[in-house]
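Each remark here refers to the structure printed beneath this line.
In this document, chain identifiers A, B, C, D, E, F, G, H, I, J, K and L correspond to the written order of the chains, with residue numbering beginning at 1 in each.
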Amino acid sequence: MSDHTYRVIEVVGSSASSIEDAIKGAVADAAKTLRHIRWFEVVETRGHVENDQVQHFQVTLKLGFTLDDRG
Amino acid sequence: MSDHTYRVIEVVGSSASSIEDAIKGAVADAAKTLRHIRWFEVVETRGHVENDQVQHFQVTLKLGFTLDDRG
Amino acid sequence: MSDHTYRVIEVVGSSASSIEDAIKGAVADAAKTLRHIRWFEVVETRGHVENDQVQHFQVTLKLGFTLDDRG
Amino acid sequence: MSDHTYRVIEVVGSSASSIEDAIKGAVADAAKTLRHIRWFEVVETRGHVENDQVQHFQVTLKLGFTLDDRG
Amino acid sequence: MSDHTYRVIEVVGSSASSIEDAIKGAVADAAKTLRHIRWFEVVETRGHVENDQVQHFQVTLKLGFTLDDRG
Amino acid sequence: MSDHTYRVIEVVGSSASSIEDAIKGAVADAAKTLRHIRWFEVVETRGHVENDQVQHFQVTLKLGFTLDDRG
Amino acid sequence: MSDHTYRVIEVVGSSASSIEDAIKGAVADAAKTLRHIRWFEVVETRGHVENDQVQHFQVTLKLGFTLDDRG
Amino acid sequence: MSDHTYRVIEVVGSSASSIEDAIKGAVADAAKTLRHIRWFEVVETRGHVENDQVQHFQVTLKLGFTLDDRG
Amino acid sequence: MSDHTYRVIEVVGSSASSIEDAIKGAVADAAKTLRHIRWFEVVETRGHVENDQVQHFQVTLKLGFTLDDRG
Amino acid sequence: MSDHTYRVIEVVGSSASSIEDAIKGAVADAAKTLRHIRWFEVVETRGHVENDQVQHFQVTLKLGFTLDDRG
Amino acid sequence: MSDHTYRVIEVVGSSASSIEDAIKGAVADAAKTLRHIRWFEVVETRGHVENDQVQHFQVTLKLGFTLDDRG
Amino acid sequence: MSDHTYRVIEVVGSSASSIEDAIKGAVADAAKTLRHIRWFEVVETRGHVENDQVQHFQVTLKLGFTLDDRG
């Protein structure tokens, strides 16, 4: 049967180099405790500045995953 | 004492038949691991199309629940 | 002359069975005191959960109506 | 190669009976001229009222489709 | 290494006296099960009225925290 | 029968001392002509400044109430 | 004492000639039954098209007013 | 049968003189290739400035139309 | 080299006669102290009402400009 | 002549005790360099948490002021 | 004459490597059938995850173009 | 004393190569006249297209900074 339920959580990844690395890092970290992550959606992109330079890109993501192997 | 704290999570329910069934299914699935769900709020309604026909209604919900029996 | 003014109010309808019935009920209730309702727009869809089951769908609507017979 | 481009259009479906039928009707109508529709997203739900009763549910949708068979 | 991932959850705090107490209560309750809460963001402020008087201020918050001691 | 319809109005309360007093004042004023107010939701918080000092906090609220004793 | 409460209603004005006339017409119509209108805010600008030409500009407004002479 | 489907497109009209003319021009231009335009909705109002003066008002519109004569 | 940075400020223009004049006045006033204004974007349209009549249209704008002659 | 132009800036005030004090502090700080501040609008309310307790309320405000004595 | 009308469409580009490549790919694909694309605006950034890794960045864009050579 | 006030400005950075470079360029340019920039937040990502190719990524940012060395 194809009906199933996803769960969505919100995480913030950060990277000194790029927005893509902040996203990949957040997904990799979340995958340590969650199986079956299926998609992400960028909610917000921010960052820190020190000494007149960007120190980190911080990307807030929603991550969707299934709780079992049906998805 | 009446002051208490709710927790809100986000889930996505899906159903081939109706938006209401997608909501009910998401609540029922969440209730397997959460007690004391009190309300839901629809965040987004989407769906999949295959062979020119709607296959699933997918409804993203916020679910509010209490962590104990005070609520 | 075709220029006229509409008034918009906000109501919340509820139904144990469907979103459509919550909308129809809100329109029917509002029509007891307002003549000339012309349109509705869904603002928010929420609901209550008790004993792990959806008890009510609650739909917040804007209702547009004219104050006279010109509309 | 898995990279491809989707196109998104906006349509409004209407139905006297239900929100689901308004969505299905809009997808079916769009499928007369578009192949490869893959998903929909509800943008807005409105409707007309006459003689104190809901006449139509009008649902504005975004529809995503691919321009070829790669999707 | 400075790159790390935060997790964001949503909670609702309530207080009969003030918005600030609702926020503080929600943070204190969440801190019972979560270490390393770093920030909050107000999402929504609502409340209940009974007998023509405000009974509770209800504040929906996002809470950001780290999963370890790196943050 | 548990199905009923709420009405939602928008008011702006103001107070020289606090946001909470602006909310309470708006609810109290509205209660002079409306019975059965059930909830409020903060829409906007603004204020006036004179002589470099905040003169008033102005809080725009939605107020939900029932038209009868069923609620 | 300077603390008082405003009421906000929503109206839709229309004009075949301009957005400004649609606003002025909506204010004038509302003033027939409401005294002490103080401000307006444009919520939405729409219009009807017939025979390839704009027939009406329709402007949805919020109108703020006081219930007495204190404002 | 009264159920039908509308299509919505987005256009940007511009005029050196007024917002209304930018809207009318966009509708007139779109009508060269589309029959049965029924409504417009303003999405955004922008403009260009040169030599300290407004050169153009640019209005982004959604235009709704039917694909046939049923509408 | 074509890469450059714009600055964006927010201003509110007002006019008793029209929305366009409120925009033009805000641009003209800002141009007294800023060179190189390039574009505007309407953020909000409000106004004051006295004696049942619109006294002013107030338009909040974002104004983009370059800090030098590169733009 | 009553037509004039306001300028709007964005500031973030913080206070360990209350949201109102964060707003008052931001206005007082801004008034050190700006004359004729007329209004504020709350854009966002956030805060820092350390050792499981709220350390600061941080309130982002828009502040409107006139550039001269006409306002 | 400088007044002209733009058309805006929505597309979704995807790339396994970067957000920029997803944007460039969507523009290049759209340019196969559209001449005179002038600008893009990012609406949404999402992506797919498989086996705990980001498979694609998916970027939804609005694309503005003119229908002729006047722009 | 830990209470202080930040100021937030809006800038637009552009780069022919990447979104990250557009952000870094905007921060570097702003740092020529502002000391103590602490954070940025992406508001909007747009760009120009010429000859069917992306010419620039344009990123609108909010930049937060303190007016003194307390921050």
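Basically, a contact is a pair of C-beta atoms (placed from the backbone, for glycine too) under 8 Å apart; a residue touches a chain by one contact, two chains touch by 3 or more.
Bear in mind that the values here come from a model prediction, so they are computed numbers and not experimental data.
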Any chain touching chain E and chain L at once appears in the list A, J
Chains in contact with chain B and also with chain C, listed by label, are D
Min route length, chain touch network, chain H to chain L, equals 2
Across the interface between the identical copies chain D and chain H, with over half of residue numbers shared counting as same and under half as different, the residues used are different
Looking at Cα centroids only, farthest away from chain C lies chain L
When centres are defined as mean Cα positions, the distance from chain D to chain G in whole Å is 33
Taking each chain's mean CA coordinate, chain J and chain K are separated, in whole Å, by 38
The distance between the C-alpha centres of chain J and chain L, rounded to whole Å, is 21
In whole angstrom, the CA-centroid distance of chain A from chain K equals 23
Residues of chain A that touch at least two other chains are 9-10, 18-19
Every chain pair meeting the touch definition is listed as A-B, A-E, A-K, A-L, B-C, B-D, B-E, C-D, C-F, C-G, D-H, D-K, E-F, E-J, F-G, F-J, G-H, G-I, H-I, H-K, I-J, I-L, J-L, K-L
Interface with chain B, chain D side, in the complex: residues 18-20, 23-24, 27-28, 31, 37-42, 63
Chain H contacts chain K in the complex at 9-16, 22, 25-26, 29-30, 55-56, 60
Residue positions on chain I within touch of chain L in the complex are 2-10, 62, 64, 67
Note: in the complex, chain I contacts chain G through residues 17-19, 44-50, 52-54, 57
